[in-house]
């Protein structure tokens, strides 16, 4: 591989939590050369002044996006506030550069221009699309767990699926808001937007598109804010159409046993944030309660990795024909302890 | 009140998290005199050696329970490992001392000797019973939220009630276990015993006894461990028999508007741990999702207060005819900030 | 006491961390009636909308300070950004209302108008002064530990006193700044302004005024930010003029044995944040290292209590002749567990 | 490199915090093959049952050390309780296997058999010694900062050096002790063994051996326990023999500018745990206070990486002639965000 020229990359929004996580991954990626870092408030500064551990790596200074020559790069990553990509989408497409957008701007698009970047479920689309809408963190955790069962007809859709999800604080981005202060959040926990979170329709749409749920399908999604930096655990309550736990487990195993980044747990160990933190792994577990006839899915990811930057790199690898775990595999064992 | 002699109190198990919380409350209670502290491993030590802020209060040394003369005290509080009270129950009853047990030993008893100490739902029973089974923390949060709606027939019991509950670490007690170490739990989150927690039958039993649910009633209860010291949030998903949110809210308000320790939120504010921490308050909120026809109850308590020691003191006040908030009211405003 | 009319109180800045802690204390104080809450950004709102646990207490809405009739109140508490009290000081004094200022504005004043509110060291001044400059949190922890030894000549001033202090996050106030976000601070720790913190001259000034240090006296003060909500631990390294630990301990005990809120530890227990959290206590310990001839003072307080609101109430009690622990004593045992 | 056979490695004590961190590093190391994992309490179990993210990597089951054939491996890593290596040292040496010991057992040895593994200060010794005593975490942070200045004569040894150090909880190991429970440590902070920590003589010994301090040299070392998982910040107060900050900075830069893992900060950024977490980097900063004539060194490391497992791998690379950052460099940019 190393004889070919590296892919030329620009990142817009590298100073946020998922942006800098992405930058870290791309710096360690053997097929990537970082050509530009773009931002808004920090134009002219160096990213090292915000993240000193990036010193000495020869990173470019932060420039305005308007100064970026899109024809000089192979791939543009955007980890921007919602709205930015929508505003610049046509000029990006016109330039011919390929795009992986970590914001929510393109996630409801359809047609040939945008592929939804849920890696394990849309590889063909991702390979060829000009632009990738990288999934939201809650949708990634939810869809990976539900889609195999839904596709296999193992979910009784006459009962409402209930996703009770919990996310670490970096999921809310790096905004200067009092509600996100350490003094407010430490030792606290609460549900927010419990009836109307914007990720609900995203989950519903792709349960329909990829899993065959009816188009007017509706589920309950309740997010909560955890006093941890990173990680999502989704506890998904549903009524299965079988009372055979082995069938539910077998469905998940059949779908994911060949996947490098989805780990179906069938023994005593349960998904937990510490098992996936700083990795691109999802951990999924399913249980069945014969007393009530209900089932429970537990799904854990690192919101900044499989829920954002890690999956973006996985999609980048798919787009350009690199091994899917290139630059990501080591993470499965790092950061232990 | 102050002319009458104070109630003579003994506490067994004062060095655990709920035991010392109880001790703190009783020390501040104007009608209580603490006569004895009993323990097992720390006999002969002073409680001050474990909790230095208790220095200088003239507290008795920790003695063995076997040395306690039950005829000298008016009320015995037990914050002991499960099994202790079961073993000593007949001798305690015979002595004539009244008992408030914070363990799980008596929670499934019926008959005239034991009253279940869910204060707002069993005052008559609590006033007269020789022994009180103080409710578990998860059952307290769950029952307070569900009982009014169940009693009013507003819960569709043909669908399974799903309690997705999250508890701070002190709910697991002060055991020297690797799984409870700071190094293991900080920045982590997970579900545990997701299909078979021992609190499930307790919740079911009292939804039946107090709320009129069928005896063979079964629900789903999934607990999770939060990386915070104290607090429980229960997110309760159920199908209401009405689509009128006002009816659901009105039912909760009607039940609790005269209660000092249950706060029904009907505006924008949602229950959160920080709102109830170090207080005996429960906060309850109900929402309705017209898209799915499902409802959501959020219920927050401090697991050591309304979920253990606070409710024990509330029950003590009921038993002995003191104002129900005596020694507890100040907590509603303390520990702010 | 209860036959006299209560003291009429106004608080400016009640929505910050120390402001709302003060509000909680004053609500529980038997000799206080809260007449007005003033703010800037939240005029017209209710404090309950920010702190729901304050619901139902009949608190006044937040009004502008300019609308406050100072002649109607007995005592004004200001928990405002630095600069506010300086701007309004002459009009406050002219009105005849007494003032307890929790900001830094008056801490360097001298003369008859302002007394420095380090309760245990300036009771006579506090009783009679029109205005109290409530000490900073770091100075409170540092001065309480050092002053007795300095006054007794037990500190070798030819060597530099080194205060290595660590504070919880609420010490920085409730500002919407990225550097104070949970996502930035959790699992982190660092020194800030290590050579030039504004509290340094405050500590030096009162070591001189109260402890007899030379006027040109200089010490080293290095603050660090702890990932906890509340609490300060100051580790104070100094060279004693004696090698007899008993003399050092005896000096602290002699000064503080009759004090209700300063606890000198001489056994195995060491000061820690959990021992003083939510209380008005300071814990002080001194050790001597014969290998080096150096001594170490450890001093722990809750930065919002003895370091701000608690000491403000203590000073209020001193000013108006109430028992010094009125409204504060219960805190020594609450919030245990 | 890849044509040579990989180094055959055994780890004793892989389930503790530093042991599993070491295992993660060695799994990602291109020149390592893990042949055996030894433990005591978990013999016969798989390491995956404790750390599920290690599933699927084909790791050997945990065996007893007594069953390990030392002649089959090239290098033995021991992350064991103190005492284990002392007991087995002669048999290990006799077998001819090389040893890197992360415990404290060999740190005070001298002679030809053991080299102290402070990588940047003892490369020649490390290359040839049969056994490496990997330094303690506090000594690593302290020595890296102090040694260059001491060696250059820039520390006034007539005044006592004061190391005020703070460590995350994993520094205490993974012991089932009540004092290390989340419920006890969250929101807490305190000094422990403030006058007699066992790391004090280790620091003194190597300031003497490597830095030229007198043999009877004594300093003050006070450790504190931080409520974070990993990271050490040492704040080192000393009297410099120069008042020229540039000289102090220049000394550090001269020593470390060619080092890959020691980062001397000379601008506005200060060392903080988040800058070094999950990396093998040390960050060092020096400041001078002209008011007092005192200087301050700040030194940050990850206690499990540069303070334990990372430095062990760095020493392994030195021992066997691999590039010193092999398997470690990527960490400088990972785990950002």
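When the chains are written out, they are named A, B, C and D in that same order, and each has its own residue count from 1.
In the analysis below, contacts are C-beta pairs under 8 Å (C-beta built on N, C-alpha and C of every residue); 3 or more make two chains touch, one makes a residue touch a chain.
Just so you know, these numbers come straight off a predicted model, no measurement behind them.
More inter-chain C-beta contacts link the pair B-C than the other of B-C and B-D. Of all chains, the one whose mean C-alpha position sits at the greatest distance from that of chain D is B. Chain centres here are Cα averages; for chain A and chain B they lie 39 Å apart. If you average the CA atoms of chain B and of chain C, the two centres end up 35 Å from each other. The geometric centre of chain B is 46 Å away from that of chain D, both derived from CA atoms. In chain C, the residues touching two or more other chains are 17, 170, 184, 186-187, 227-230.
Contact residues on chain A toward chain D in their complex (touch as defined above): 17-21, 23-25, 27-28, 49, 51-57, 170, 186-187, 230, 263, 265, 268-269, 275-276, 278-279, 281, 283, 304, 309, 330-337. Against chain B, the residues of chain D that register as touching in their complex are 17, 169-170, 172, 174-178, 180-187, 227-229.
The touching residues of chain A, counted against chain B in their complex, run 159-160, 162, 164, 166, 184, 187-192, 194-195, 218-220, 222, 224, 226-231, 233, 235, 237, 239, 270-274, 277, 287-289, 291-294, 296, 298, 300.
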